[in-house]
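Next come two complexes, and both contain chain A; in the first it sits with chain B, in the second with chain C.
Now for the complex of A and B:
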């Protein structure tokens, strides 16, 4: 049943062609992005999903987003360009991630997938239970699946052993995986025991028009170091608490501008109190995305003290605003910017201070290129259009691949995930399949209305906006 | 660019994202995972060294057995409280002297507690226990004996599980409290108030002071430490054997498995250890950053 639907859906997307090379017109896909993390929640994953969806719509694909209800925001919403968002009523358990039972989300997600004639399910973030649920159900329904991993994970403790096992189960029969940096790819391949050939590296992007330099905003009588990050342990705020007094004692014209909020704010406040730096260390609190640029352009140096980072958009934003970037050498950060735009240091107070002092000395001598020339170099490095193009290729590739039928899927689970976890999840997969049969018997696919397309090949958003809106 | 691009072998692949490279996105270079490190800083265990360390666990198990044996003798009236008290005292005084000698060997300069402070604590503890022993004796009168036994067994188990075997001096608060709770429970089932006092004094000696002395021995006289452990184990099995041969069998089985078989397992399973490290690991802050705050 599920298989049949998929074939039909591929046909509606007007192509059986999997190379994309032979035909001039690349196939159009009906994509469903699934993640627990979406607006109104703010963060890297959220903006990634939004920007990628917008660029894919621009390229003529149909995109819908499924996430869980945020407070009173539930049901269906339309965003710019007819991007449809389903806020599904699923129970949030912890940190905006939904509870998972492997089954309860199937009826709702099946409704979305069938009504929207989805061909590719693209799940985001390994922390999102809903994303893993959606992958699981999509495979049961015979849809192609893509997963994007946005974060790095260790191997040392019990919690990572368990989550890595779940990731192995979730990704063992996923068609393709996208990581945001080469380090992240290595990490994901190891965590989920994957074939590296099915893992693509597509970096995040930054909207360069949002982050333009404005040298007139920089005060000339002082040097300002800007830090914009959540104030949490993983961002190395304790290191920052050591750097501030060290450097402020040495350089009387040095100022710190710190944007962000979090439990480690107290560390910075204590340091500021103890060394009487109230006029030189400003804590701005949580910043809205639109205010970030206004803070960045006031500085000369952008400092990132993260202890782990898969990609780090913040340093690209900083460099795009023409700042000199100083960062810890962790995770994927060394891959992000060319050597002359970034100073990499070890994650220790002394190494970071040394790096910062070098940059300060160069800044004083004026040997850095102008902010505008830095911006000109950075602005074309990471664009969402490029990300969408590369993601499109992943969809094209995936659309030609076979979704494992149930017996092959069970065999794959048992051979790939170990005898215990494999058998358990093979059993769960069978139950999920039976549940799907029950749902298909209760409400056959043919009785389900197709949703009005706001976007995609036959999108009504521009042409008949008034009609498409009350459709849901 | 993209999975359809044809990789030209003339340009070497670089692990950078900022450069558009003529390789597909899913390209896997030979250098893939080259920064992966396995089993870094792994400790190679030697069997007899592990057995020696496991001896501490074994002797602690035997200490519990010895304590229970003493209690059994007291309960049956085979051991008078006076004898126990005098024996305890005659063990405590040389033990204290030995402890002082061993401490003086290592840390002569650092400020240690004075003898006066030590004797003050001892007097305080003894007088309070003596004063309260009639109360402790009747404490669990309204509780059924079965409950008291079950509770004691549970608490002694908790003592063994939560005992800080790596740094037993001073004994961890949870393990010490569990052991003392168990001894109060058991002591309250003895015939008289003096019995209770003697039992509690003995418990203090076995569960609080002996681990401290043994730790000193482990640090300063490793040879004697092994001897002490073996002695305690033999004493435990022998003592328990005089009261319950079945219990002694079980204890010796437990001792053999803890001190001989478990280390064997650890050493033989060590070669299966596969610990992966790489650039994705969260960096650890090695420095002491509190100096900036205080």
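Now for the complex of A and C:
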């Protein structure tokens, strides 16, 4: 707890030195984003963390990212604009997620939190064990915590029952939780038995300049349906396998363009083989993010067949490129786009076919607005600046809250998580606290060097940029 | 010539001695404290007490004599290979850098890096055991690629001074390096 007071003192003294008025209006935070998933691994969570961090740096906050080592990429790295990334050597268990023992990550994470003078710890993704660990340690160290949930879960099968219990334990004393859609909020509140007031909804965003329409790329003699998703069960690839032959039979000028890789690729290949559709169904394999736009602009209709989705980035990207979107009505998808830009269907082959036929008929008659006007509408719906602004508000609110002291935390754990799990984790929390005391005795905070700030109010990187800007 | 005291990363006091031989030749010496007699006593006593307990149960005198041997050999190996008394860095503009570390037994290991091979001297961060620390290192130029770095030579590897000490050494090294480029 002494740690926290010291951090506070450092912060106030640094903000006093600041002469800018803006910094007095909203305090600047030292934020540490923790997740198992970060670049070079590719995916939605990774780009979310990166883009959000960049926008927060632009707003003058100090941001560092902690993740686990990827192969030979370990240690400390700097990305664009002085975004500092710690690749900590923690053992990877399964699917790029680290093993959790609750304790082994404490020494390194403590070192990061202390030397970077972190005030807010922001963990991402409920699949990431490191994020849960970081939340647990941050609370032990008396730091404010925020958690962003990126996915939806079920309630019935064994694995989700276990994850839900873990989530309950992990989130019951977290200061604030962020979800990407209202459906996701509902889901998280139910799963983790939370007070809905501490859960905010901040959607994801896309970079609209990356996804601009280009109608000249579209072939005029046929209609192309684009599908871009990982080829896994969750994304409804079996449905896609049912749709393709049915529609191809009815419309001889219909082509499919499928980007992505995964275990369900075999389903699509079988369909292609069985109905002799090699010239009309193209499987592009894994796509890099920069190539996605090039594929999207070749199509007329974007199809999404997900069975579960918290917030579908792909359909926003599709709409931003001026495509007509057809999607299943699952999870948070109905919230994402205005009604006239999307056609929602039930997640069945017949309903999706009906929806697609309607859209194809409309496309033939040419009654759709031009791709450029669609892009203009979607452009301002989801921007990273907006996401960063809203996240900043969450940080401002969280910074004013107190972190539960140990005895209150134990009481909260026992009362929220049931007598058995609650007691076990209360015991683990006590052990974690004792381990922290041991570490503070072995390596006292005063023996750790404070890191040189790259970003934030006293960031060297930012100053360099400001100095060079007037010259440009 | 000046003598300043700093801390290393585990909080032990170390002293930095900067000698300026001329405007383009400087020597930095970081000395770590000598082995304390208390520490030697603690290690020796613990080995001997352990040996005596084993002897008490087995009644085998070979245990006792091997304990004496182990402590003697261990102490010798420690001062000869592990315990570094002081490390020094000699920077001579336009010629190169000499890094030497002398062990408590008097053994000295010296390496010399020519100026043409040196790209720069920088302070870097690394994960070291369960800590993240700053260290000073020399970047070596890749002969095939003019902007690439072929390898890194870590300086003051066993004394591990803290950032304030490293910054001091770094600044005076840069003064010399900037004049000769």
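Brief remarks follow.
Everything that follows uses one rule, which is that the second predicted complex is superposed on the first by the 438 of 472 C-alpha atoms of A that agree within 3 Å, B and C clash if a C-alpha of one lies under 4 Å from a C-alpha of the other, contacts with A are read in each partner's own complex, and residues count from 1 in each chain.
Keep this in mind: a contact is a pair of C-beta atoms (placed from the backbone, for glycine too) under 8 Å apart; a residue touches a chain by one contact, two chains touch by 3 or more.
Predicted model, so just to flag it, every value in this text is computed and none were measured.
By the touch criterion defined above, A:152 lies against chain B but remains apart from chain C after alignment on the C-alpha atoms of chain A. When the two complexes are overlaid on their common chain A, residue A:349 makes contact with chain B while staying clear of chain C. When chain B and chain C are set side by side, the one touching more residues of chain A is B. When both complexes are overlaid on chain A, the residue A:361 reaches neither chain B nor chain C. In the overlay built on the shared chain, the residue A:161 is in contact with neither chain B nor chain C. In the superposition on chain A, A:76 makes contact with chain C only, not with chain B.
By the touch criterion defined above, A:451 reaches chain C but does not reach chain B. No residue of chain A contacts both chain B in one complex and chain C in the other. Residues 19-21, 152-156, 176, 181-184, 186-187, 189-190, 196-203, 234, 236, 238-239, 241-242, 245, 267, 270-271, 274, 307-308, 311, 328, 330-332, 334-338, 347-350, 381-382, 389-390, 393-394, 397 of chain A touch chain B in their complex. In the complex of the two chains, the chain C residues touching chain A come out as 7, 9-11, 124-127, 130-134, 162-164. Interface of chain A with chain C (complex): residues 74-76, 86, 88-89, 107-108, 111-112, 115, 443-444, 446-449, 451. Looking at the complex, you find that chain B touches chain A at residues 1-4, 15-19, 24-26, 28, 32-33, 35-36, 275-287, 289, 292-293.
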